[in-house]
Amino acid sequence: MNLRLRVWRQAGPSAQGRMVEYEAPGVSPDMSFLEMLDVVNERLTVSGQDPIAFDHDCREGICGSCSLMINGAAHGPMKGTATCQLHMRSFSDGDVIDIEPWRAKAFPVIRDLIVDRGALDRIIGAGGFISASTGGAQDANTILVPKVAAEAAMDAAACIGCGACVAACPNASASLFTAAKISHLGHLPQGQPERYRRVLSMVNQMELEDFGGCTLYGECQEACPKGISIDTISRMNRDFIKAGVTS
Amino acid sequence: MELNAHVPAGSLEKKWDRHRFEMKLVNPANKRKYTIIMVGSGLGGGAAAASLGELGYNVKCFCFQDSPRRAHSIAAQGGINAAKNYQNDGDSIYRLFYDTIKGGDFRAREANVYRLAEISVNIIDQCVAQGVPFAREYGGLLANRSFGGAQVSRTFYARGQTGQQLLLGAYQALERQIAIGTVTMFPRTEMLDLVVIDGRARGIITRNLVTGAIESHIADAVVLGTGGYGNVFYLSTNAKGSNATAIWRAHKRGAAFANPCFTQIHPTCIPVSGEYQSKLTLMSESLRNDGRVWVPLKPGDKRPPYDIAESERDYYLERKYPSFGNLAPRDIASRGAKEVCDEGRGVGESGLGVYLDFADAIRRLGAPVIAERYGNLFEMYQRITDEDPYKVPMRIYPAVHYTMGGLWVDYNLMSTVEGLHVIGEANFSDHGANRLGASALMQGLADGYFVLPNTVGDYLASARPQKVDENHPAFRSAVGDVHSRTERLLGIDGKRTVDSFHRELGKIMWDYCGMARNDAGLRKALELIPALRDEFWRNVNVPGSDRELNQALEKAGRVADFFELGELMCIDALHRTESCGGHFREESQTPDGEALRDDENFAYVAAWEYAGERQSPILNKETLVFENVKLSQRSYK
Amino acid sequence: MNRARRFYKAAIGKKVVMAATGLIGIGFVIGHMAGNLLAFRGSDAINAYAHFLQSTGELLWILRLTLIGAVILHIIAAYQLTMQNRAARPVGYVKRKPQVSTWASRTMRWGGVVLLVFIPLHILHFTTGAWQPAGSFSETDVYTNIVTSFQIWWVTLFYVVAMISLGLHLYHGAWSSVRSLGASQPSPEPLKRTIALGVAIIVWLGFTAVPVAVFAGLIG
C-alpha cells in the first residue's frame, strides 16, 4: 500500500521545527511501523536527505525506547501496543499519517522525534527503590509474599518507562508512571519501611520536573502499552494523603 | 601473550571463599579517591555500578540508550537459574555447576562455573530484597519452573518479564546511587576507544550522542559490561543498538578475544517475513513444554497445516530424540530445524520455518489452561504475524540469540589488559560452547553484584594506579583516532546505506558461520567479508555531521567493527575443526549426525590476539583442565 | 504548618482540596435541590422550608460560611491547577485525538466558569434580591420569587444552561473526586462511573424541573 507521512522535523533542541511531508510507497502490511520508517529513511539517505531520527532499541515492546505520537494517539491506534510492535496492517492504502514527538515541558525535543525523558529517571532516583545494598540479604523464602500481592506488584512493575502516559495526558502529567512504581513497591512487604517517604519524595520530584497534575482524564491508561491501571493513581493519592498526616 | 587464569589453589568448593580472604582490600576512607569507569548498565553493568557506588567508589557509568533501564537485559523473558533446591528435587550447587559445564560442552573453566553456581543463591536473595516481584505460590513462597530441558525446577521467573524485573531492580539501586552522588550516569554516550597507559587501562574515549562531543574519561580501572555481539548477523534477537564496538576497540588495544565463533542460535523465534525485516523476536523456550514441532513429510508440501494428516507429518525432534523430544537443547533443536528446511520441507512463504503445534495440548488441557500458561506469548505472536496460534500452529525458525564468546578474562574477570575487567555477556567466561537457558541473567548478576566489586578492589589495592591527565599523549592520540575515523566515515559519501552493508554482512555470516559450518564455506566467507568491507569504506553513505545527533553515523561505526569481528569469528570457526555446542562443523559429526567433540586437540579456549590492521590474528590457548568432572559426549537420545 | 504547605504544594494536595470542597458542594446541591422541589407542593411548603432555614440563625451562617469557604478554596485550587497543567505542555500537538476522556472531563474548566458566573448572580437573585429580573422581590415569599422569575424566558434559559454545565461538572467530578481522595476500590474498568452518572442526572433533573415547570405553567 502507499501512504503519506507528515513528520515533525527539528534539527536540534533549540532549532525551529515543522511538519514535513513524505511519500511512503509500497508499504507491506507485515512491516512494523518502525520498519516502515527504516525504509523511508533508506530512501531519504540515498537521495541525499537527512533521515528521520527516532528512538528505538529492542523493537519487541519491552525497552520503552520507542515513542511516537501517531495520528494524535501515543504509540498509535492499537491498544496495549508500543510503537515498535505496531504493524502496518493497522493502516490502509492512501492513509495520511501524522507522526510527532512526545510533547511535554519535562520532555524537551532533542531532534526530530527524539525527546529527553531523563525526568522519569530522576523520579525513580528520588525514591523509586528499596534501599537494600548488595550483600546481607536474608534467604529469599524468609519473606513471604501472598500471591495476590505479588501479582498486583507485578501488574504495576510491568511499566516500561516509555512516557506515553505523559504524552497522552492532556495535562502532561507523569502520574501513571510514578504511581506504577509506587504501587509496585507498595504492594510488597519489602517496600513497607520506606512506603511513605517514597511517595513524598517521588511526588515532590514529579512537581520539580514540571509535569502537570491529574484531572483523571484516563488517556494515560488507554495509551499505556502495558495496561497500567489508573487505580495505581488512586493508590498513590491515598498513600500521599496518609503520608501527609503521618510523616 | 601468556594467559594466566589466576585460578586460586584449593578444592573447587573452597576456591572463592579462600580467594575472597586472600584478596587485598581498599581502605574505606580511600575508596572515593578511586574512579571506576563502568561501561554498560545492563544486568552486569547496572548491578556493578550500583554495588561499587554503595561501596563508596567514585563511579562513572555509561550507556548508549537514553536511560540505563533500557539495556537489552530488559528483553530476557524466561527466567534465572539458582541452586536453591526449594523444590527438594535434588538440585544442588554442584548439580548446577555440572549441568552448566556439560551444557557448555566442556569448553568452560571449572573454577568460574563453580563460583557462578555458588553465588546463584545469593542473587535470588538480593533481588527479592530489592522488591523484584518473582512468581509466588499461594503460601507466599517463591515459585520455580524447569527451563530449557533441565531435569530440576531451579528457574525463578516474573511472568514473561524476568529480565525486565531483574534489570529494574539493578536500575533502581543504580538510580539511588546516582541521586546520592556516588555514581555519575552518562546516558546517550558511546564508548569509542579504550586508553591504555603503561599496559594499564586508564580511561575511555566517548562520543556524546546528542551533541557529538568527543570526550576523554580518566579512571583507575575500566569495566566493560557491554553485552553480546549477535548483531554481527544483522538479524538477531538483540536490540538494534547492541554492538561490539566497546569490546572490539578494547581488543585492538590488547584484550584477547576468546572463542569468537561460539554463538547460540535459539530455536523458537518468529520467522523472517521480508527484506525489510529489522530484527527477530524470540518466543520463550517454555513454549516447547507443550508445543509439538513438526514439518510435512513430503518436500514442497504447501498445503495448510490442517489438511496434512498425522501420517504425513514428521515430528522430527520426537523421532530423533525420544527421551528429550521437543525439549532437546537449543543447539540441537535449531540444527534439526535447519536440516528439515534444507531438505525443502520448511513451511511458510519463505520455506524457512517449522510448525510449533499446540493442537494436542489444547485438546488435552483445554484452551484456558494454555491461555493461562502462554497467553501473553500467543498475543505477541498474533500481533506480529496476524495468525491465531489457538487455531493455526505457530511458525518458528532459529535465530541468533546469544554469544558465548567474548573478551578473555581470568578468574578475577580481568582481561589481558591490566585494569580492564569484563562482565556479563561481553566476556567469554562461563558458558563454554553453549549456554543453558536462564543462565545468562544469573551470570550477569553474579559478575555485577558479587564478583567484580571484590576483584576490582583487589586490583586497585595491589596496583595502586598513578595519576594521569587528559593531556597524556595516549589520550590525545586516542581522541585523534576517533576524530579521524568519524571524519573518514562522513567523507566517503558513497551510494549505499549502512544498513544495506550490514544486511549483506549478516547474510554471509548466517550462511557460512551460522548453524552449521564447514571448511569451504568459511574460506568463502573469509574472501567475501574483506571484499565487502573494502566496498563499505569506499561506497557507504553516512549523511549529516559529527557535531549533532546522527544515528547513521552511530550505525556506521558499529558496522565497521562488525566487519572485523565477523572475520575473526570465521577464522576461529575455521580453526576449530571439532564440533562442540553451538559450533557445528559438518566435518566432525557422529554417524547419526550429532556433534562430535575432539577433546584430544580442542579442549582449550582460543584467545585471539590482535596483530594490527589486516594482519592475521595470533592464536593463544588456555588449556582447560577438568579435575572434577569427567568429559563425556553429550547425548539427548 | 509547613507540612500543610508541603501537602498543598503538590498537585495531588490541590486535587484533594478540590475533591473535598467539591464533595461539600455536591452535598449542598443535593439538599438544596430537594428543598427546591417543595415548590411542587405549593407555596406554603417551600416558604415554610425557607422560613425554617432562616430561623436556624447562626446554623445557617455556619452552613453559608462553609459553602463560601469551600467555593473559594475550590476556585483557587482550580485556577492553580489549570495554570500548572497548561504550563506542563507549552508546545501542543499538531494533531491529537482524545481516546477515552469524556467531553465532561475536558470541559471542567468551562463548566466551572459558567458556575462561577451563575452562583453570585443566583445569590443576588434569590437571596439578597439585589437582582430583580421580575422587578419585585420578597424576603419572605420565596415561592413568588421563583414563580415570577421563571415566567421570564431568559431567566429560565439562564438557569437551564447553568444546570446543564453543573450536571456535566458532576458527571466527571462526582467520580473523579472519589479517586482523587484515593477512596476508590480497584476495578477491572476504572473508567466506569455509574454512580456519578446517577448523581449528575438527579441533580440536573431535580434543579431543572422547577424553572421549567414554572415556565410551562405547571407551577404558579
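We call the chains A, B and C, going by the order they appear; numbering starts again at 1 in every chain.
Going forward, a residue touches a chain if its C-beta (ideal position, glycine included) is under 8 Å from a C-beta of that chain, and two chains touch if they have at least 3 such contacts.
The structure presented is a predicted model; accordingly, all values stated were derived computationally and were not measured.
The touch graph of the protein chains shown is a line.
Of all chains shown, A has the CA centroid lying nearest to the centroid of every protein CA atom. Counting C-beta pairs in contact, the chain pair with the highest total is A-B. The distance from the centre of subunit B to the centre of subunit C, each centre being the mean of the chain's C-alpha atoms, comes to 62 Å.
Subunit A and subunit C have Cα centroids separated by 36 Å.
Chain geometry summary: the mean Cα position of subunit A and that of subunit B are 27 Å apart. By the touch criterion given at the top, residues 11-12, 28-32, 34-36, 38-39, 42, 45-46, 48-51, 53, 55-65, 78, 81, 85, 87, 89, 110-111, 114, 116-118, 120-122, 124-126, 128-135, 137-141, 143-147, 150, 153-154, 157-158, 160-161, 184-185, 188, 190-191 of subunit A touch subunit B in their complex. Residues of subunit C touching subunit A in their complex: 3, 6-7, 9-16, 81, 84-85, 87-101, 105-106, 108, 172, 175-176, 179-184, 186-187, 190-191. Put simply, subunit A touches subunit C in their complex at residues 6, 8, 19, 69, 71-73, 98, 100, 103-106, 168, 170-173, 200, 203-204, 206-207, 210-219, 221-223, 229-231, 233-241, 244. Put simply, subunit B touches subunit A in their complex at residues 47, 50-51, 54, 65-70, 72, 74-75, 84, 86, 122, 124-131, 133-142, 158-159, 161, 164-165, 168, 171-173, 175-176, 178-179, 185, 187, 210, 239-241, 273-274, 276-279, 281-282, 380, 383-386, 449-450, 453, 495-497, 499-500, 541, 543-544, 548-549, 551-552.
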